[in-house]
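What follows is a set of structures to go through.
Below, chain A partners chain B and then partners chain C, in two separate complexes.
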Partner chain A sequence: MVWSPILIKISLLIYAISGGFYIKREFFSDPKSKNHWTANFLYVGIAIHTFGLLAMILETGYLPIKNLYETLVLLSWTIIVIYILIEYLYKIKILGAFILPFNSLLLLYTNFLPNKVDNLPVGMRGIWLSIHTSVIFISYGVFTLAFCVSLLYLIQEHQLKEKKTSVFYYRLPPLGKLDKLSYRLVMLGFPLLTIGILTGALWSGQILGTYWEWNSKQIWITLVWLIYAVYLHNRYSDIWRGKKSAYITVLGFLTILFTYLGLNFITKNSHYFT
Partner chain B sequence: MIKQITDKVWKLAKSRKLAIWLIIILTLASTIGILVPQKRLDSKEYQEWMLNNPGLIKIINTFKLNHLFHSRWFIGLGILFLINLTACTIEQVKLAIRRWKNFEQLNFAIKDLNKTKEYQVNSKLSDTKLKMENVLNKKRYKLNLKNDGLIATKYKWGLWSSVICHIGLIIIIIAALSSMMFKMYGYDPIAEGQVFTERHEDYFYIEEAPFFNEDHLGFKATVKDQRIIYDGNKFDKLETDLAIIKNGRMIKEQTVHKGHPLIYKGVYFYYDKHGYVPLFTLLNKDKDPIYRSFTFFDTIEGKNGEEFNMEYQFPQTNLKIKATFYPDFAIKDGEYITKTELIKNPVVDLEVYKSEKKIYDGLLKQDKPIQLGDKTLTMGEVRGWTGFVISRDPGNTPIFIGFIVALIGMIMIYLVNPRRLKVEFEEVENGTKIYIYGKQDKYKADFELKIKGLVKELYTDCHRQATD
Partner chain C sequence: MTIITMGLNHKTAPVEIREQISFTSKEKEEAMKMINKTDFIKEGIVLATCNRTEVYIVTQKKGKGRSFILRLLSEFSSLTEGELEDYLYTYYNLEAVTHLYQVASGLDSMVLGEAQILGQVKEAFGLAQEKETISTVFHHLFTEALRVGKRARSETSINDNAASVSYAAVELANKIFGSLEKEKVLVLGAGEMSQLTLKSLVDHGVKEVFVANRTFSKAVDLAQEFDGQAVKWGTVDEWLNKVDIVISSTGAPHYIVTYERVEEILKDRGSKPLFFIDIAVPRDIDPKIHELNNVYAYNIDDLESVVDANLKKREKAVSSVNKIIKEEVKAFNEWPNSRTVVPIIKSLRKQAEEIRQEELERALSKLDDISEQDKSVIKGLTYKIVNKMLHHPTVQVKEFANVENRSLYLNAVNKLFGLEKKGDK
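And now, the complex of A and B:
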């Protein structure tokens, strides 16, 4: 019996319920109220998701990198793990009300994707590709969270500027905290993305005889890298902070989304596994 | 006047705006390169696209949009980007040198104070000074003693981290540009026993960068053997014994498989795909051979995995064949399949046309001749072929070096934080007052903690001394 799809579906259900609890707590009741169910559901969800991921690795014999289904399951897992860390370290629980529904949609999408348990093609074996794909998806997960934090920043900033307060105003963390968190997340995601791109090039050189094929994925991921490099460069030089930084993070994430999912609909590319 | 012009050019070369514009232009150009099929990627797709877009042919040819990433104007943009990055890096080097020189200067340290701490211990000035020196030495700070105090520095070399990272990126871009300008990239299928010469006209497909210089190395290559490896009942990989021959002597032999190329004098042989070459013999009515040759079946991705197909017109005849090869033939649910890729029961599913009229549709088994009018066709020995991507790329090694340098620089940016402290002492009635100033560009909160730790250690030491 193949267990991984069942476990992934259960975790999806639990994330959806947990997301509902987060929304209820953050927007419809007192966020300071001790609603243990909210976090407990999330922990159960991530535990089952982890088992699902492990089962997938055991069933196939390789890391989940072969196709869109596998990489989405890995991406979704990364997002939740990093979110749990942020919640623990920064106590920003409102983020869960955005992250969990988004993550549930991501996992829901995997239900419509083909997933055949089969041998990993010869061309996809090797340590560089395993590192490349897993590191890239971890970085995507980190950038997704940076995007959500920047979105919260922009909402809060807009409210302050317009002097119109809504339910969000009192529940969102201060601007400085959001700005710093988003910066730290980009700082974490950027080296991961760099390592991912470099190991991908090494893998391509080893398998295809060329480090760079100029295919659509490679070009767009370089653009993603450049966007975040410009962000960090300007941030480091104290040129961009706050709103400008938040916009760049949003732009970076939209470019990631297009690179990861959008490109497959537009061009035929050799990154058939994503 | 000249100085003004050079200053302006330099200002432009190092400007951030130029970098952003170049990135935008390179991205737009690359997007065109994605939308317009490139010649080398898939010639069929390219030809179809050109047929469907006749109005664009002139623009495409003028700007070489179908060969964009090796076109001179794209390389030119890459060179501009390299100049921009180099100019920015030179500015960074200047800044790093300036900071390096001023790192221990008293005024500089005071002027840029981020945090100032004031403490008091109850030991004498000379003892406190000594203790402070000991504590800082233990923490591996480099000390510069002054009359009124001391300056302690650590990780000064971290000032170069950004420069190192940029140098890595410059090496990568130089390597990429040299690949775009001087690389050779070709493909050739070699059958078992066949000898391949490295002369470029003998390649099945070859692409030479605009400045590639063809200097013949005078070697030949031959496939001595190839083996299909199975993992249980699933195809695992193909191993090919490839040999390099020079002046009639075998000088190198290696088993090549996916990810394990043979390298000879900078020429890389990578496994790409494999297939079969059965020996076809066509005899006329007098049983004289009209055609006798190993004939390549191309390997394509079919609905049930790999398929081995070919279309061929026998020379000097009006016979044309369309064929699919099954190395281990079987019939499943009325469909022809191959059980494995091993040559166990080779069969060809054959259609023969004579002047466009189908004259045969059936199976051709090994050593079982079939009659095609007055001619006889036989399939004899079956051998395998391996398709090699053959490349010679001067950018190969530098790009690898560039990766490593850029990574080292990036790791340094993140983990190595140059820090400096200025410590001043003042003798007071019941002890010594210590003023600590410090500066660290990143992770300031962490630096605060470190200063607190130092003082705590100093207090402990002074207290221990007092107790003694």
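And now, the complex of A and C:
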């Protein structure tokens, strides 16, 4: 019996329901109303998601990096785990009202993807491939969160500029806090992305004989890398902060989205496993 | 026994009337003496603040109690009883309890949810304790009222979000910077509004303060108050460069901070936000600067509309507070009943404990050569039997406290366990 698809579907259901709870709590109820069981419900979802991922690894005998289905499951897992850490460390629960629906959509998408347990040819396996793919996806997860945080920043900035006192004004965290958080996230994601790219090249050199061939995937990932490099440089030297920085992380995220998902639609895939 | 409260507040009486019966602390003490002297008044408290004057009493005579409060209020004001009557409200028993809980929660305050009233209730309670004008009922009621007031503020947002212009400025600064500990403030003009806003900012963590005023000595005075630094009026432009928050409330007829000046500052500033609070009329700060990136300029009207929005937000919490109050009033209503069952439970437990010890000793004396471990097993056994046997009766007796014909049930319990006879001995 193949367990992983069932477990993933259950976790999808839990994320969707929790997302509803988060939206209700953050936007429609008294901010001081007590947290009840719904808060723990999400943990159950994450646990099931984790088991689903482990089941997938046991079923295929390799990391979940072999097709779009698997990588989406891995990516959404990374996002939710990092989110929970942020919720715990920074107490920004409103982020969940954005992340949970997003994550549910990602997982929902996997339902329509082919999921053959096609095993990776043994000849292509290698330590560099495992590191390359998993690290890249962790960095994608981190950048997704940076994107969401920046989105919150832009919404709150808009409230303050328009002098509006809508629900966002009351519920969103201060600009300074959001700006710092997205900076920290990019600082975390960038080295991961760099390691991911380098190990990918190493693997390619080992298995395919060429380190870098400038195919479309490689061109786009270089663009992503450059965007975040520019962000970090300007943020570090205090040239950009706040709104401009926020726009850059949004741009970076959109570029990732295109690199990861969009390229499949327009080019014949030259990268092995999306 | 009847609880009565009677009084007037900002909703029922205009300030001309309120100021005539606002008790001074000496008058309060005299009123306390009157309460103590009057036989049919068992307990009494005077709660007098600038927006309300209320007297709470416990009495066995409802009608006489009411006229006692009326006389007391009239005696300590220049109004006759007839004149006063138009402005007064009276509540009895649970309605009085509800009213006190609403007062303590800030629902009855001019600024909805404000927390000062809680301190004032506490003070009135303290004075009554000191003068011994209260006993069991009000001791319980006012302790509960203070707890309800705290509960309302911690479990609902009735006291959240700034309700004054100066706090609204702090709230906005917090929304922009996150924390104010590292932000520097420049104050232009040493007027009262600047001082108030500055105080709120300092209360919320601002450490570095600079004050500029046309009359330098005034700047020095204000700066000293907040451990700040006074700067010369002529150097204001330079200082604008070095700070994060600017409060302005001068009497100048024209803009002091111009668009061009701020645009220039931004060139060397990086992109750290800059927040201008303009509380002067006519305005001191060119409102156009709000359009600049990372610059926020709020004037007095903006702050007031934030306050308005905040108060509307508080109004939304009223229903949650009322829910808490309803719950607490119900608990208060059950309190005297549970008071009657506590002694029964106590004597029930006491009786069982006595039997247990007696029988345990007797049994142990018959068993010579058993180890300490065996002894403790036997001991534990007796405990367990007694506790298990008494668990259900205890729960039931507590339940009986709130049923209609409780005395019948409680008598039955007394008879069943032979509690009264023991008590008689």
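Assume the second predicted complex is superposed on the first by the 270 of 274 C-alpha atoms of A that agree within 3 Å, B and C clash if a C-alpha of one lies under 4 Å from a C-alpha of the other, contacts with A are read in each partner's own complex, and residues count from 1 in each chain.
FYI, a residue touches a chain if its C-beta (ideal position, glycine included) is under 8 Å from a C-beta of that chain, and two chains touch if they have at least 3 such contacts.
Given the structure is predicted, the values throughout are model-derived calculations rather than measurements.
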| item | value |
| --- | --- |
| Superposed partners chain B and chain C on chain A - clash or fit | fit |
| Chain B versus chain C as contact partner of A:Lys177, first or second or both or neither | second |
| Which superposed partner A:Tyr169 touches (first chain B, second chain C, both, neither) | second |
| Touching partner for A:Pro191 - first (chain B), second (chain C), both, neither | first |
| Which superposed partner A:Gln206 touches (first chain B, second chain C, both, neither) | first |
| Vertex chain A, arms to chain B and chain C (CA centres, degrees, nearest 10) | 150 |
| Contacts of A:Lys161 with chain B and chain C, given as first, second, both or neither | second |
| First, second, both or neither for A:Gly242, with chain B first and chain C second | second |
| Minimum C-alpha separation between chain B and chain C after superposing on chain A, in Å | 11 |
| Residues of chain A that lie at the interface with chain B and also at the interface with chain C | none |
| Sites on chain C touched by chain A in the complex | 154-157, 160-161, 172, 174-179, 270-273, 290, 293-294, 296, 298, 302, 305-306, 309-310, 313, 316-317, 320 |
| Interfacial residue positions of chain A with respect to chain C in the complex | 30-34, 156, 160-161, 163, 165, 169-170, 173-177, 180, 238-244 |
| Parts of chain B lying in touch with chain A, wherever the complex brings them together | 20, 23, 27, 30-31, 33-35, 38, 41-42, 45, 69, 176, 179, 185, 231, 234-238, 257-259, 261, 268, 270, 389-391, 393, 395-396, 399-400, 403, 406-407, 410-411, 414 |
| Residues of chain A touching chain B in the complex | 119, 122-123, 125-126, 187, 191, 194-195, 198, 201-202, 205-212, 214-216, 219, 223, 226, 230, 266-268 |
